[in-house]
Amino acid sequence: MKMLINVPERVVEDALRGMAAVHPELTVDVANRVVVRRDAPVANKVGLVSGGGSGHEPLHGGFVGPGMLDAACPGEVFTSPVPDQMVRAAAAVDSGEGVLFIVKNYTGDVLNFEMAAELAAEEGIRVETVTVSDDVALAAGEGSGRRGTGGTLFVERLAGAVAEAGAPLERVTEVARRVADSCRSFGVALAPCSTPARGGPTFDLPEGELELGIGIHGEPGRERRGMMTSGEIADATVDALVNDLRPDEPVLVLVNGMGATPLLELYGYASEVMRALGERSVVPARTLVGDYVTSLDMAGCSVTLCPVDEELLRLWETPVRTPALRWGA
Amino acid sequence: MKMLINVPERVVEDALRGMAAVHPELTVDVANRVVVRRDAPVANKVGLVSGGGSGHEPLHGGFVGPGMLDAACPGEVFTSPVPDQMVRAAAAVDSGEGVLFIVKNYTGDVLNFEMAAELAAEEGIRVETVTVSDDVALAAGEGSGRRGTGGTLFVERLAGAVAEAGAPLERVTEVARRVADSCRSFGVALAPCSTPARGGPTFDLPEGELELGIGIHGEPGRERRGMMTSGEIADATVDALVNDLRPDEPVLVLVNGMGATPLLELYGYASEVMRALGERSVVPARTLVGDYVTSLDMAGCSVTLCPVDEELLRLWETPVRTPALRWGA
Amino acid sequence: MEPGTDRDEGTEPTLDADFFIRWLDAAAAAVARDADRLTELDAAIGDADHGSNLNRGFAAVTRRLTEKPPNAPGAVLTGAGRTLISSVGGASGPLYGTLLRRAGKELGDAPRVSRVQLAEALRSGVGAVAELGGAGGGDKTMLDALQPAVEGLTRSFGAAATAAEEGALATVPLRARRGRAAYLGDRSIGHQDPGAASSALLIGALADTATRAADDDGHRGNGADRV
Amino acid sequence: MEPGTDRDEGTEPTLDADFFIRWLDAAAAAVARDADRLTELDAAIGDADHGSNLNRGFAAVTRRLTEKPPNAPGAVLTGAGRTLISSVGGASGPLYGTLLRRAGKELGDAPRVSRVQLAEALRSGVGAVAELGGAGGGDKTMLDALQPAVEGLTRSFGAAATAAEEGALATVPLRARRGRAAYLGDRSIGHQDPGAASSALLIGALADTATRAADDDGHRGNGADRV
């Protein structure tokens, strides 16, 4: 598997140097692997820190900026970052109003952020943690619990919006938790991804088959099926989502590409998702189509629904200015 | 090759239905394949129309909106649109101030836009045409001439900015032509793309080899080489660009993914491009990193340089509000 | 027996609108049958769409001719040309469209035309293609099949088909100087030009239609009448 | 000859800081050698990074121990644990880090410890891993190698290595209930847990180091002294 890299060991470092070179509005500490918005800490503002394994770009570094994250901690590819990174990030963004950690529910991320929260508390930083576990491919409450995937974007954005408005840590945490609890995602792979360290695909997926219920780390899914049309995939996906949580409010919709699926296909898929939602009386309030929470060069797609009341919808619409999500600024 | 589609024949139509469903700020005529900004025709504003084969998304439909294009005409995958589309688009966006066609230099695009310009003129619409031919992989003036690739983004944006400011057709055309004449691009493929109609890769590229000087239609490049590191690719690319046009002004830089290259790799590549530019005393004014002018699921990257004086840089910074390029609005 | 090969001009049947419709239907069938091959040729030195482009276009032509069949050869060709321009896109759409429109205009509204008149009309069409696309013979384009085909057609339908086929095959060793294949430089050498291949199909369909008309003519005098 | 297998407790050598350093160096070498195998195991039921994760971590441990070697067994383990936590990430970083830190703390600042003391310290460490990660025996994790290893170690180094190896292999038929492999449900069955495999490597390195120490001991009395 050919890759546009120098050496596998330096992929994350090289990417961070790239971010540093092209985003003057961010402070990128390449050696310590922390991406911080240039004006941090912002006075009287709760600091938002997230992070996780690399390979999901633009998540999380691409979501650092006004109206979203204050800092991101990228780990090695598909490997959660280490506590030192989160502690450093927390110190960089804490204005005295405290820090919220937004953590995707993977054993590694949870454990490392847990340790970081302890260490940060020892340094006198108030830390709250919200865990995202939105993947309905897995039964809730079983084993390691549900994985955190596309819902993370909505948590980071909506918590970021309310933090930007000056809300205290308790309130920011409450919004983040509410969003994290109500988001649902489901993903499908048509072709596996290849990690730089391994140099080849993380699993085999023969021609004519796809994986339903995949994660974002090259894990195989819960079920393998014969190839389906985009309409059939949309039906299976929306069924999985709506059976888990029939939203009685309008939803923000993320139609997300996993990395190698052309935007042309993704927009076609979006039209099928919209149809499938309509047939199940789910009302889309706003829709994003694009590669936001990826899995390197995996071919496939995921859909995330985030129910919103008027307040959350208003927060969604406030200005955001990050490398990957930007409007009103 | 598995694809997230219904049937190959309906890929473009499905994608347009998706755009229609998720972008209320656009008017999408699915049957006639024209994407128009909702508020067109904008009074006292020159209309900008572009188009070309599909498969390069977000180009061009993703660039329709205030500060950029007024309309886009998507053809079949890798096939230029037909004159009827451009005539319809021109009629929809002409406020009386005339229309500029922005055309990538491919025989098909040139011929179809040429016919459209004649037909539109017969309907009383003033039409100017600017052709983009920025690909330094090809010698200028030979055979079919240079292809139009990444430079199109800069032409559409900068002409769009000056049109939005109310400049007359002559001035908009002049800016577009200046930008088109001074942009340079060069692309590299690590893996070919697969078209829906063909269902498989458009050329073979063995493990351990890459193509230098590729186009954006699955054409093989001008030269095949043994695999190179990201740093070596950046050097070869920047050499090709700078040998063709040594810019004495600062440049806008587009570090563009061809579709399947992970953003993680693309940012790493961007850091090498920045290094290579610095070593050749080229000064980047602003840099975009992402998938903007793609070739379906091709793995690879291109770099475009667009020299800018203070006026063009100021135009670049004005608000733009399209699905794929947005700031200040 | 093919008209024109073994009779003198005077006894060769003339061609009516119905003949032209059957020609284009046969061309559409041939393009549909060989679409994958054309696309493969285009994959080697172009962008892998020539077969689907033409297939889309000729399917539209067939639909149009079925819905409202014109009643003069010229109208059949101009209508088909307009349809190709409106439905194909790419380089081949305007070029083939121009070929047929120009040829159709040359034929005017005559209800029947001779083979030689058709050859002259196509010669104008081919000239328009050369002017529009800026290519000449030997540039490895459809012209390399069309130009010899027109010369052949002045002699017979069969000669046209043979010349087109030979012209298409003769593009293999050429270096492309026009169209997408030109981007490849020397790497375009060794591949047949897809547009030349499709031109050979179209001219082949013309010859087949003429043969069939002559056969039918022997039996029940359908479509092609003696002058 | 391996200490502890054919002597009674009283004559088995005690273990100093140098022994622990050599253990961790041997572990680092084993991880480097088997990194690809560990990553392959992780590819089957996880995310294909366990080998590179541990390799990165143990390389950092080796660097740190070379730069400033601690002078007590406890300090070697806590330092190594902290290094793993700061350099590995993923699930295995905090878990292995906690294992070594907790064990190191149990050993305190004693300059030499016995095998049995090490076993008790590791038992605490394994308990801390279970508490941190919420897993138990049979959940198809590193615990399935570590728990039997600790029991084995109360008997001998060799018994520890054998038990760890067997425990690791015994994860094959299990259904994962913790960590990434749990996402696969029944599809996790039939694959060895990568963390259990790496635990077997670490305990194997411990036994090898003890064997080598005993051999050296026979020749020049290096590192492990009689109590």
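In this document, chain identifiers A, B, C and D correspond to the written order of the chains, with residue numbering beginning at 1 in each.
The working rule: a contact is a pair of C-beta atoms (placed from the backbone, for glycine too) under 8 Å apart; a residue touches a chain by one contact, two chains touch by 3 or more.
The chain list, named the UniProt way, goes like this: A, B = Dihydroxyacetone kinase subunit DhaK; C, D = Dihydroxyacetone kinase subunit L.
It should be emphasised that the depicted structure is a prediction, and the values quoted were computed from it without experimental measurement.
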Exercise. Roughly how many whole angstrom separate the Cα centroids of subunit A and subunit B?
Worked result: 29
For this session: Please compute the C-alpha centroid of subunit B, do the same for subunit D, then give the distance between them in whole Å.
Result: 55
Exercise. Hey, how far is the Cα centre of subunit C from the one of subunit D, in Å?
Worked result: 77
Problem set entry | Distance between the centres, which are taken as Cα means, of subunit C and subunit B, whole angstrom | 34
For this session: Could you check subunit B for residues that touch two or more other chains and list them?
Result: 77
Exercise. Chain contact graph: line, ring, star, complete or other?
Worked result: line
Seminar exercise, completed: Contacting chain pairs, sorted by label, are A-B, A-D, B-C
Exercise. In their complex, what parts of subunit B are in touch with subunit A?
Worked result: 1-7, 10-12, 14-22, 54-55, 57-58, 62, 77, 190-191, 207-208, 210, 227, 229-231, 233, 255, 259-272, 274, 287-289, 291, 294, 296-297, 299-301, 321, 326-329
Exercise. Taking the complex as given, what residues does subunit B use to touch subunit C?
Worked result: 53, 75-84, 106-108, 111-112, 114-115, 137-138, 142-144, 147, 195, 197-198, 202-203, 215, 217-220, 222
Seminar exercise, completed: Touching subunit B in the complex, subunit C uses residues 39, 43-49, 51-53, 56, 85-95, 132-133, 176-180, 182-185, 187
